[in-house]
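Both of the next two complexes hold chain A, though its partner changes from chain B to chain C.
Presenting the complex of A and B:
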């Protein structure tokens, strides 16, 4: 088992270099650089000053040189500073001589996105397992049909449209929930408990909208997996020996159904750090989606590469965790790895 | 079992509805006395990047830094130059030396005196090779700058440079005592500035909001409104919902919201005031003058006659725009009242095209010349108004037998693959210009290298001479004549077709009083420090 782990971890190094190389070159294939932003199209801004900026960021050097410069920094875990005029550090905060702290861009955006996605993932899995089991047990009867229709409507409805409608209904006509942002005005002056309530209220809409699309696929996974399992011989055996139906479904069938979900959870790990650009824009939440999207539009290469690198590390780890999780849950696979 | 959960749900709903604010009914009408205090909340689509404006360059940054820093001189409500830090300035007879005399007892927000040394320091910064500013070129023309005493700042130019005053009306003065040992490109000052103007920065939460408080030692006197909060809300629909829910006081709106949504809803009309003002920008259809047949003046004039500009204004801007006949803001002295846009005249257009050698010989509805059909492509960037404009142009040109294709491209690709390489037939773009009439960078024949701004390849000896003359003449009346003559040639030659100058549209909660309407030439914001919020109309500012 330990050998297997070490082998997998060592394999990640060439994989990461390959991924970063490909993403670096694809990123540079897109025409333009930081000096071509819309605000630079100003007759007062001269071409010489743009050239100066290009030289400063090494954008005038050959691509291979630029890549090796980047690689040299990244092995020291130095993600560099943004090309934007605020020059903030990409990953983590730095302190200047006077003790002023510049927060990292990913450091600012990641916790928000992680929080929304983790809550979302929990809700998606909890609801989907429940809905999937109900569907499977009632196969082709009305609860099954109803659930399928509802999750597909949730999947098909454009999130931004529903978000705006809900914002209007809960925020403007009724003022039940705040419309956008994560904190109310005067958040700093609230007590701890009020702060939690305030944050909770701000999260209701964004989290619900982000869950909506995921319900369909996972509940159908659970439904179909459950149907498969219910036809297995050991279920028939269990029924034959007179076990109550509840016990059959929740102890014997569900456990086996959940095995493939481990893969899905593993594959969801990299998705946890990615936010939805549209969702974040509409709810005015400054998460990873907006950060990445803006960085791509601005050709802010250090930020783009920073997020891609973290994303690919997480993807590889996600795969590894899924495999280990499998081994832990399923003795058949465990034996395969040990051999 | 389930009833427990339903109870919990009800409890949660109760929780949310109990703490929700009660709808307060304000009476916005009547007369109010000027009062100090209150808080104004607005929404910004982008977050400021850097509050040192010579480095930033984005509009969000300059909107904030304009409230924090002062310039030597400013434009007043009629767009004439007026004192700000300097109470007067004298131009020498040879027009090469300008002397600014600063007001007495100026202070930074931290109490340190503000002197001509700070001005000199700012000039040194903006012209320093190491400073990452795109705007240095205007200031590098200064041959020598000096601060002979704390209240005098003098600059010498090698040769007279007319846009000089405009450049000093846009340079925000920075404090030497704080920045002299700092690296301007990386200093934390860009997020924690010390200025001298109406407001000072008190809070900045990344990705969320920024708060300015009145600066008690402001060199301009104290503003009426105590606190300005800008919330960063990228999506304009969400901004609009916040506006109608009374959570923000002001935002820029689009023509549909201005002309249709708000007027049709009494509840909104009751609490929102609408303002429109012309910006210093216009949208145009520009030709690649190096490509055939756009090198032919008759073809360009024909297309100009074939386009119905009023139709575009009505269709795209719902009438909220003005036709323009010169590259200057209508209503300013640089815009010649005697010039009129080409009228819509299909027959005149066809006549000119025939004279240029085009005819529909094979009767397929498309004109040809030398056997080749008249077809071209209009490029524009992802901008809804420009896309709609392109469609209207496409239709009008089809009427006279020109086949137009439209291509919409992301900005960075647009600039690098098409504008810089000169690989385009026609573009729909806009210019946002400074208030000085000098447009040397855009029209002079020497400015055609890749990355420069005369990318359409316009070259006219007479225009070159006028532009050179205009930049060395500091007398406004003489300049007016020069730029009127320049505009006249441009209109006749039609290297670009002026389509419209759109109004900037603002919706503001009626609790904000003291706004000048209709907007003066400088726009409504010119006296924002005089705006006030009567205490009876203030929102409950501390959250419950």
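Presenting the complex of A and C:
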């Protein structure tokens, strides 16, 4: 197991270098100069001051030098400061000479996106296992047909459209739910309990939207996996033994179906992070997606590169955890690795 | 073909796809108005017989704009998937055929591309290019080939040592001939299935980008940007938001149904499930 872990960790080094290369060069191959867009808002910016800006951000050096300078800094987890947004640090808080702390942009945004997606994942897990099992057990009867139809529609609904309609319907016509942000005005003055209720209300819509795609694909996966497993000889054996159907389904079939799900969850992380752009923009939630979108529009190179890198690193770690989880959960692999 | 008709999923999908294709091809003849004609005397009219889906904030006929929008969505879907399939098949074929270090390099590259959140990558590139329909197709194509590569490679690896391939090789067939005449035709199933499903996700991506204002630009209409316009008027003109979303939903549904249906039909492993 330990060997496997070490091998797996070592593999991440070339992967990380590849990711950093792609994030860096995509940003720099694009035409368009950061100094042009900054000075566009400031008619007084002279050619001379632009030169200074370029020198400050090393934009005047050759591309390879820029990359190695950037790489040297990100190894120390220093993603630099934002071009826009008052020079805030991209990743983590820093103290200036006067002792003022300015918080990192990703430091603020990441927990929000993680919270929404983790809650989403839990819901996806619970609901899709239920739907998938019901569907498989009733194969080709009406519950299966109904669930399959719902799943396919859930797969096809554009999330932003549903978000818009739900926002309008629950927020504007009926005022049931808040439609933007994560906190109401006066959040600080509320008691602890009220704060949770307030946060919960704000989370209902964004979390539901973030679940949509995953819910559909994973229920379909659980259904097909269950159907496959139910064909296996050991299920026939269990039936022949006279085990109650409930026990067969939940003890024998479901467990074996769920194993590969660990990997699927790992693979779905980049989609979840990427999908946060539209949801967070619509609901005005300042998570990673919105931060990224705003940074892209303002051509804020350090923030865009920082988020691309951090997002990919998160994915790598997600996959690592999924692989380890899989190895830990599956006795066949667990033994195989330790041998 | 007969089998497709017997499979309700695939048949449903096929009907939807043919209908949307029909609409897209004959848009100029089907649309009652010029999609870009601005008529200030009929702003934000609700659906009626003269304007089946109402009019937008500039008095343009939404029905006509929807018809023309279907062309954009399908064009983006087809071209983007075409690009992705070409790249994916090419790299997958090379990796699966030559194996060894070429395979390792290609597959590690696939792993790296897969671990960068795709929508971030697309946004980053699109935002620095001028948003246009061509750039969108290219960017979606270049960021969605990884799945095809894995499929084609896996298929090649499993076919590579079959007797008929070895026989052809022994008879002196060139690598190119082996790949194009023997291996590729036998790997078509997964390629077709993943292309059909790919179109669905490309249509969704395009509409999402257009919705964010980084996709197809006005005055050209796409379902995504009709919806963006609709967002502004959602309180008094529901029809502007409802119809484009429904159109996207139905189209994506069609491709997903056909894709999954084909997978069921063409995958020999699934046959025993049908018992």
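Quick note on the criterion: the second predicted complex is superposed on the first by the 315 of 339 C-alpha atoms of A that agree within 3 Å, B and C clash if a C-alpha of one lies under 4 Å from a C-alpha of the other, contacts with A are read in each partner's own complex, and residues count from 1 in each chain.
Rule of thumb we're sticking to: a residue touches a chain if its C-beta (ideal position, glycine included) is under 8 Å from a C-beta of that chain, and two chains touch if they have at least 3 such contacts.
No experiment lies behind these values; they were computed from the predicted model shown.
Participant: Using the superposition on chain A described above, determine whether A:281 touches chain B (first), chain C (second), both, or neither.
Facilitator: Both partners.
Participant: Output check: A:177 vs chain B and chain C. Expected answer is one of first, second, both, neither. What do you get?
Facilitator: After superposing on A, A:177 lies in contact with chain B but is clear of chain C.
Participant: After lining up the shared chain so the two structures overlap, which partner does A:71 touch, if you call chain B first and chain C second: first, second, both or neither?
Facilitator: Neither partner.
Participant: Does the superposition put A:27 against chain B (first), chain C (second), both, or neither?
Facilitator: Second partner only.
Participant: Which holds for A:9: it touches chain B only (first), chain C only (second), both, or neither?
Facilitator: After superposing on A, A:9 lies clear of both chain B and chain C.
Participant: A:103 in the overlay: touching chain B, chain C, both, or neither? Say first, second, both or neither.
Facilitator: Only chain B; A:103 stays clear of chain C.
Participant: If we overlay the two complexes on their shared chain A, which of chain B and chain C does A:185 touch? Say first, second, both or neither.
Facilitator: In the superposition, A:185 touches chain B alone.
Participant: Let me test your reading of the model: by the given contact rule, A:299 touches which partner, first (chain B), second (chain C), both or neither?
Facilitator: In the superposed model, A:299 contacts both chain B and chain C.
Participant: Of chain B and chain C, which one contacts the greater number of residues in chain A?
Facilitator: B
Participant: For A:168, select first, second, both or neither according to whether it touches chain B, chain C, the two together, or no partner.
Facilitator: both
Participant: Take the contacts of chain A with chain B and those with chain C, and give the residues found in both.
Facilitator: The overlap between the chain B and chain C interfaces on chain A comprises residues 30-32, 164, 168, 172, 281, 297, 299.
Participant: Of all residues in chain A, which touch chain B in the complex?
Facilitator: Of all residues in chain A, those touching chain B are 30-33, 36-50, 52-53, 56, 84-87, 96, 98, 100, 102-103, 108-109, 164, 167-168, 171-172, 174-177, 179-187, 189-190, 197, 201, 280-286, 290, 297, 299.
Participant: Could you pull out which chain A residues touch chain C in their complex?
Facilitator: Going through chain A, the ones touching chain C are 14-15, 18-19, 22-23, 26-27, 30-32, 152-153, 155-162, 164-165, 168, 172, 220, 224, 227-228, 231, 267, 270-271, 273-275, 277-278, 281, 292-293, 296-297, 299, 304, 307-308, 311-312, 315-316, 319.
Participant: Spell out the residues on chain C that touch chain A in their complex, using ranges where they run on.
Facilitator: For chain C paired with chain A, touching residues are 108-109, 111-121, 123-125, 127-129, 200, 204, 207-208, 211-212, 227, 230-231, 234-235, 241-242, 244-245, 248-250, 252-253, 256-257, 260, 272-273.
Participant: In their complex, what parts of chain B are in touch with chain A?
Facilitator: 13, 15-17, 19-21, 23, 41, 47, 49-50, 55-59, 61, 129, 132-138, 185-188, 190-192, 206-209, 229, 231-235, 237-238, 241-242, 244-245, 247, 410-413, 415-417, 431-434, 439, 441-442, 449-453, 541-543
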